[in-house]
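Below are structures written as structure tokens.
Two complexes follow with chain A in common, the first pairing it with chain B and the second with chain C.
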Partner chain A sequence: MAAEDARYRQSSQYLLWSFSPSQLASIRENTNAAARSAIAARLSSLPASSSNTLSAPTSSANTPDPEGSSTPALPEFLTPAEEALLVTFYTSELLRAGDHANMSDEIKATAAAIFRRFYVVNSIMTYPPQEMLIVALFFGCKAEGHFPSISEFGKTFGKENPDDILAGEFLLCQGLRFALEVRNPFRALKGAVMELGLLPDIEASRLAAAERRAREILRFSPLITDAYFHYTPSQIMLAALSLADRGLAERLIQETFHYVAPASNNSGADTPMSDAATTTTAPSKRAPATRVGGEEDKATIIGSHVRDKVLGAIEACRDMLAKELPERREHWTNKTVYKAQLQPLRKKLNKCRDPERSNLVGLQRARRQQAARKDDSDDEDDLDGQARGGGGGGGGGGTTLEEDGAVFGDAANLKGHKGGGGQVKKGLEDPFGPPL
Partner chain B sequence: MSRKATAGPSALPELTSDDMCPVCKTIRYLNKDMEFLINPECYHSMCVNCVNRLFNDGPNQCPYAGCHRTLRRKGFRSAFFGDLAVEREVDIRRRVAAVFNQVEDDFETLRDYNDYLQMVEDLTFDLVNGSEAKRREAEATLQRWEAEHRADIERNRRAGREADEQSRRRLAAEREAARQRRVEALREAEEERRERERSREMELDSLAQGDAAAATGAQHQQRVQLKKRGQANRALEAATMTTTAAGTPAAADVGRLSIRGLKEKKKAPAASEGPYDPFGGMDFVPSRYKIRPGLTHPAIDKYRHDPAHITGGYSFDEYIDRVMFEAFAGLGVFIEDEKEAGIGLSAGEVATISAGIAAVGDKMELD
Partner chain C sequence: MAGSPFGAPTAAPAPDGQQLDLDGPEQWNETVKRKYVKEKKIGEGTYANVYRGHMRHDPSTLVAIKKIKHQDDYRDGMPPAAVREMKYLQELRHPNIIRLLDTFGTGVDTLNFVLEYLPLGDLEMLIRDVHRVRYGVADIKAWMGMLTRAVWFCHSNYVLHRDIKPNNLLIAADGEVKLADFGLAQSFADPGRRMTANVITRWYRPPELLFGARHYGGAVDVWSVAMVFAELIIRTPFLPGDSEFEQIALICKHIGTPTEENWPGVTQLRDYTVPSEVVPVWGKEAYMGRFGAVGADGVDLLVKTLALNPAKRITAHEMLQHRWWRADPKPTPKEDLPRKSGGEEKMGADLKRKNGLLDEENGTRGAKVARKLDFGQAK
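For the complex of A and B:
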């Protein structure tokens, strides 16, 4: 196995935040279902006389089956697909906000990835996306080693009170499972250009144009799709490059996976290399391969079988990116599209918001109060009730001690806690987001 | 335990009135040698004079108002702790420990032993801080236990005494050995000093006689002496070695610094894997690309001669390393396959990766 791949497999992006499409879909369904039941329970537990604008009276007319006269009828919930569409819309909003604040590509990309990851395990109905996207941007800045002052940052987005942003921060962290690293493909693109730059028969202008275009694509397409979940940064990068200049991307792959089984004894003949390229690249590349192991290893690392597989993955990724080319930016800001597709969804969202969690500041305050009061009283239920009355916040159950233990326990044995049994599992539930 | 029922720790008589006897109101100013005694019956303190005056003629009532305990002269002693509450607790604990003196070896499992300890501690707490009823109950339990397990207690006490005796003996032996060694070392040093002086005199003599040959002879002599010393040391070592081998473990401990009570550590299997690898055997040699001279990018070229970058020691090679790594890392990682089933992997990798996936997957289900 190639050393680079082994190293990539150590990353939190691979370990925690990579899914196959079916896995991702099932997680989203689970999230949606959990949010539905939680919100339904909370809505029906609200007193019917409450003047909460989010609760049902407006929608009770169009809901087909009102549950009873005493409890308000439940609103219509978003389906997973609708949620995904809305998340995509808000991701594009996030990118626009990033442009507005003149942020670097890395920050915007990281923030977008963070945002999308958060809404994989949390429903958009539970936590308000409009606020979370600013939190994600702020957090993206920090994750990329850029530390703006919170008040300045807030002013950029018209949030005078820094608490508006900070309230969601820990929540976001929890949702991310504290995996703050996002591996972006921008630097990888530079690497590909470097490698291609060494080939003598490629003009610099062609390369520069391809790089510009690929970067343009990377700035938008993978962020607004699920590419970050399904493909590795280098695959995304190559897909973008192939969208920009298919020849260049294929060339790079051919150069990389140049190994041919010795039986045919014409190493490098299947690649359209010039003689000069053969002499410069082929021997030097084979050197590390011989170090790693025998012919078998070489075949699995840079053989044609792997090459075909990589090409397949890149092709799939390319298809995914092609659906959201940078030209589609306008699509998401387009008034008519917005009116036709998104506005109804947003209205629907407004109706089925979680009554307790949509106010992040209140939620945060309630949690703090609860943590402060936890020492005084043992009666959890009573507390929860008080907190709900005071700030409209629910409670993350469990003591802080347990949560700490679970966090560290998780960090300690990321691989091995399968055998830990139910207790560990129970403990893990808490730090990664309170129950929906 | 045998205090007034209503008295909590705070109601104990304070010894802070160090300057006045609460019974006869004598103040320290008048009697410089005044000493306070307490009786563990009620822990009321009074001066020696009062004790003698009141109890010399046999048992008498405690002179404190409201305390009707009958005290005896014999029971009085001076308090070790300033705080009488502590004094009392220590007394109680001593008494409980004398009765509940089982050791870990008496139990089948550690769990049992811990339960036993917990029970003892609960009982002690009741005795020290409990209410009247609790205290009485605990007292009864204690006596019952004492009656039931008299034989065990006696045996353990004897064993404890023996262990004490043994450790005392061992300590004494060690001390004796250390003393011996010191004496030996002193004697040796003395001898050596004398030897040195003698050889020096010889040397001076020979120099005075202007005999070069003799001077070299003296040097030779000195060398011989050094050699001898080395030999002596070696002989000593050998001697200790033999005693170590033959003697008791206590004797073996004499030679080196030892911490008693440590369990004998099992020898770790001889590590022959070479030096420690903090990366757990991960390979950092790129296998799909190679860092070659000439790898560069227009975006970094302009910084190569920028003083702001190069004076700080910015390493362009490091940057190129990283860029190239990112370009190729994960190229052969097929998330769809690997997350689903681990297709295309070797068996070992499937195991480790799927463990990770399973772990992650479990968590996912929970949300």
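For the complex of A and C:
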């Protein structure tokens, strides 16, 4: 079986939602720019007198109203940095709301992660973060396998109308590219504590204290920073453990990367596998999936020379988490901070919201009307092309994944995951099947 | 410039007076949708409709498009089965697990899953068609191998399928068996977290779930694999109970009565009740008569998957290490496996069904309604 690293590299968290810091910054800039231009177009096309955000615009997007006088001055838009600050603020609000509803750590963490993912590709000027954070909590429950009743859930947050929440559900899901799984580091921490507990010279009280603190960190620090975008769950866990008790984290790393390779095959440092083990601040998406099997691969996974790379990644993650230690919860609720830094931004946000989309219920209603206009019953025609008899058998396995790559950017280089043809014989020989 | 997960967002196109403009993620959705052309409907059910479709740029590549219906009886947004299926199929890529190629939305909020097209029906069709489909041990070994690898892969990714049965095992054009329908799937729970016991179609449901266990693991799926194994051999469901009570009675009669001796703690399970006459657990020899076709090694594997005590039941991983796979006869190459035509309607039927139900329960015999799932609290 493939090593855990190889398996992680098949996860949507890695394929779709892991970026280097510069990639992430660039995507956020694009999102901000696209939102500005879309909102500007929509605002300009609004009749000045009408508050009906859905009235048909008469002029094309970027052309000033011929009458001139009715064109409203465009508001000042949020910058990418301001958006990032507000997203962080709203993430802290999300975590507080989750506490208020007594949700589990896993649900809160998943909700926070999907909220932040959504706002990588959507601007808070487009969709209202105050509402979306409740939607993220609701959907976070579902993604974690709990299916609350919407009316009870809504009551917890003072939302009497289920549509206030449900109107954002599909939107959120689409923003996530329908990838719902979030890999959280809580279980990794349990595993680490169990492993450390087996070592004879580690005091139980020290271990317990470290676990408590590390867990406290995991419940906050990686969630309101970009840690989930840059690091694997185990790297985040080790960084948190290191902040709690550096000695214990280093010990665990020593114990893990203990393998001393036989002299022969020790050139693994540059293989994709060791890249993955050390997925640092710039995960390489181009690494082909590798198969891990025999002894010789051990060196590239747990060889002592891999250790330094791992330590580097953990140190960088640790620095990121250290900026938002759990004590910073108070920072985000502090009145002075709020008045000085956040309130002005929220005011600014209120003035540059998307007239078409900042009201989720209204947006959904408009979509329903649009769909109804288009087709009274169904959306069957959506996919219609020339219906063809279609040629013979041919399972769908040959679908062009390359095309995915073109659509998704290189983040989704799925080549190598195809169930290979040509592996038939091997499949019969090995009960575990051919390599994936 | 770094790629956005949606490709580079561009400014909204000029409004045409009717349409809402498309933002980045919506444009991406359109792009995905445009990759496929929907053809005819091949199945219609309560949970979903299934269509055949093909790639727009390559009409010879067929797909199945599963369009999730809005449930009248579920008012809490996106239905659980759709959420589960989307979550798990997105992550699991394995030759023996149905491949989710894409997901896109149509209309306001309708989900569409693009799945690989599996035209040759399902294992149940082959099992039942006693007159026209003949198969032997080598074929059973091939099918079981593919099923066991699928289950092992799920479990090694910490996913429980929770609805393994012959008609969830679809067959690809090349004969490959694919585990489908992840609408009841669930991640392995953390120790201590309760899960619902009301999963897995009754005939394939293990004793611990029949007794109401709320903490369980991969062993529940392994029991279902055992039931499929037995059914492949005898070509009729091994333990077809009409009720949960009868299901327990059949297990006691044919496998043995779960007791504190063979399963410490079983009597503490919430719904533990067994017929008063205690049947000792049958040994391997007892199975040789009815199941001996797969040989002594095959029966050995069967018996190990039928362990009453889930802690003693063989794991999917251990199953794959069993000597039976390497014993003669070797598994049939998948291209040479028995097959039958006319499977298209069946794929449609298989994909649209509600989860955890027998066909009869889904059909017109409405008297037997599956128990409502208890999805737990939002905690």
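Heads up, the rule we're going with is that the second predicted complex is superposed on the first by the 317 of 436 C-alpha atoms of A that agree within 3 Å, B and C clash if a C-alpha of one lies under 4 Å from a C-alpha of the other, contacts with A are read in each partner's own complex, and residues count from 1 in each chain.
Basically, contacts are C-beta pairs under 8 Å (C-beta built on N, C-alpha and C of every residue); 3 or more make two chains touch, one makes a residue touch a chain.
Note that the structure is a prediction, hence the values are computed from the model and not measured.
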Give one of first, second, both or neither to describe whether A:88 is in contact with chain B, with chain C, with both, or with none. neither
In the overlaid three-chain picture, which partner chain does A:177 touch, first (chain B) or second (chain C), both, or neither? both
Tell me the contact category for A:110 with respect to chain B and chain C: first, second, both or neither. neither
Looking at the overlay, what does A:187 touch: chain B (first), chain C (second), both, or neither? both
When the two structures are overlaid on chain A, which partner does A:126 contact: first (chain B), second (chain C), both, or neither? second
Counting only touches as set out at the top, which of chain B and chain C does A:198 meet: first, second, both, neither? first
Quick check for you: in the superposed arrangement, does A:231 touch first (chain B), second (chain C), both or neither? first
Any idea whether chain B or chain C touches more of chain A? C
Go through the superposed model and pick first if A:9 touches only chain B, second if only chain C, both, or neither. first
Is A:359 contacted by the first partner chain B, the second partner chain C, both or neither? neither
I'd like to check the shared interface: which positions of chain A are touched by both chain B and chain C across the two complexes? 1, 7, 10, 16, 19-20, 22-23, 27, 30-31, 34, 121-122, 177, 187, 190, 414, 417, 425, 428, 432-433, 436
Considering the complex alone, what residue numbers of chain A touch chain C? 1, 7, 10-12, 16-17, 19-20, 22-24, 26-27, 30-31, 33-35, 37-38, 41-42, 45, 56-58, 60-62, 101-104, 106-107, 120-122, 126, 138-139, 141-143, 145-150, 152-153, 162, 165-166, 169-170, 173-175, 177-181, 187, 190, 356-357, 363-364, 366-368, 370-371, 373, 378-380, 382-388, 390-400, 403-404, 407-412, 414, 417, 419-420, 424-425, 427-428, 431-434, 436
Which residues of chain B touch chain A in the complex? 282-290, 292, 294-299, 320, 322-337, 339-340, 344-346, 349, 352-353, 355-356, 358-367
Tell me, which parts of chain C touch chain A in their complex? 1-15, 17-21, 23-26, 28-29, 31-33, 35-40, 51-65, 75-78, 80, 83-84, 86-88, 90-91, 93-96, 99, 101-111, 114-119, 142, 145, 148-149, 152, 156-157, 172-174, 176, 186-187, 190, 320-322, 325-326, 330-331, 333-335, 375-379
Residue numbers of chain A touching chain B in their complex, please. 1-10, 14-16, 18-23, 27, 30-31, 34, 121-122, 177, 183, 185, 187-195, 197-198, 208, 229-235, 237-238, 256-257, 284-285, 287-289, 291-292, 301-302, 306, 309-310, 313, 414-418, 425, 428-429, 432-433, 436
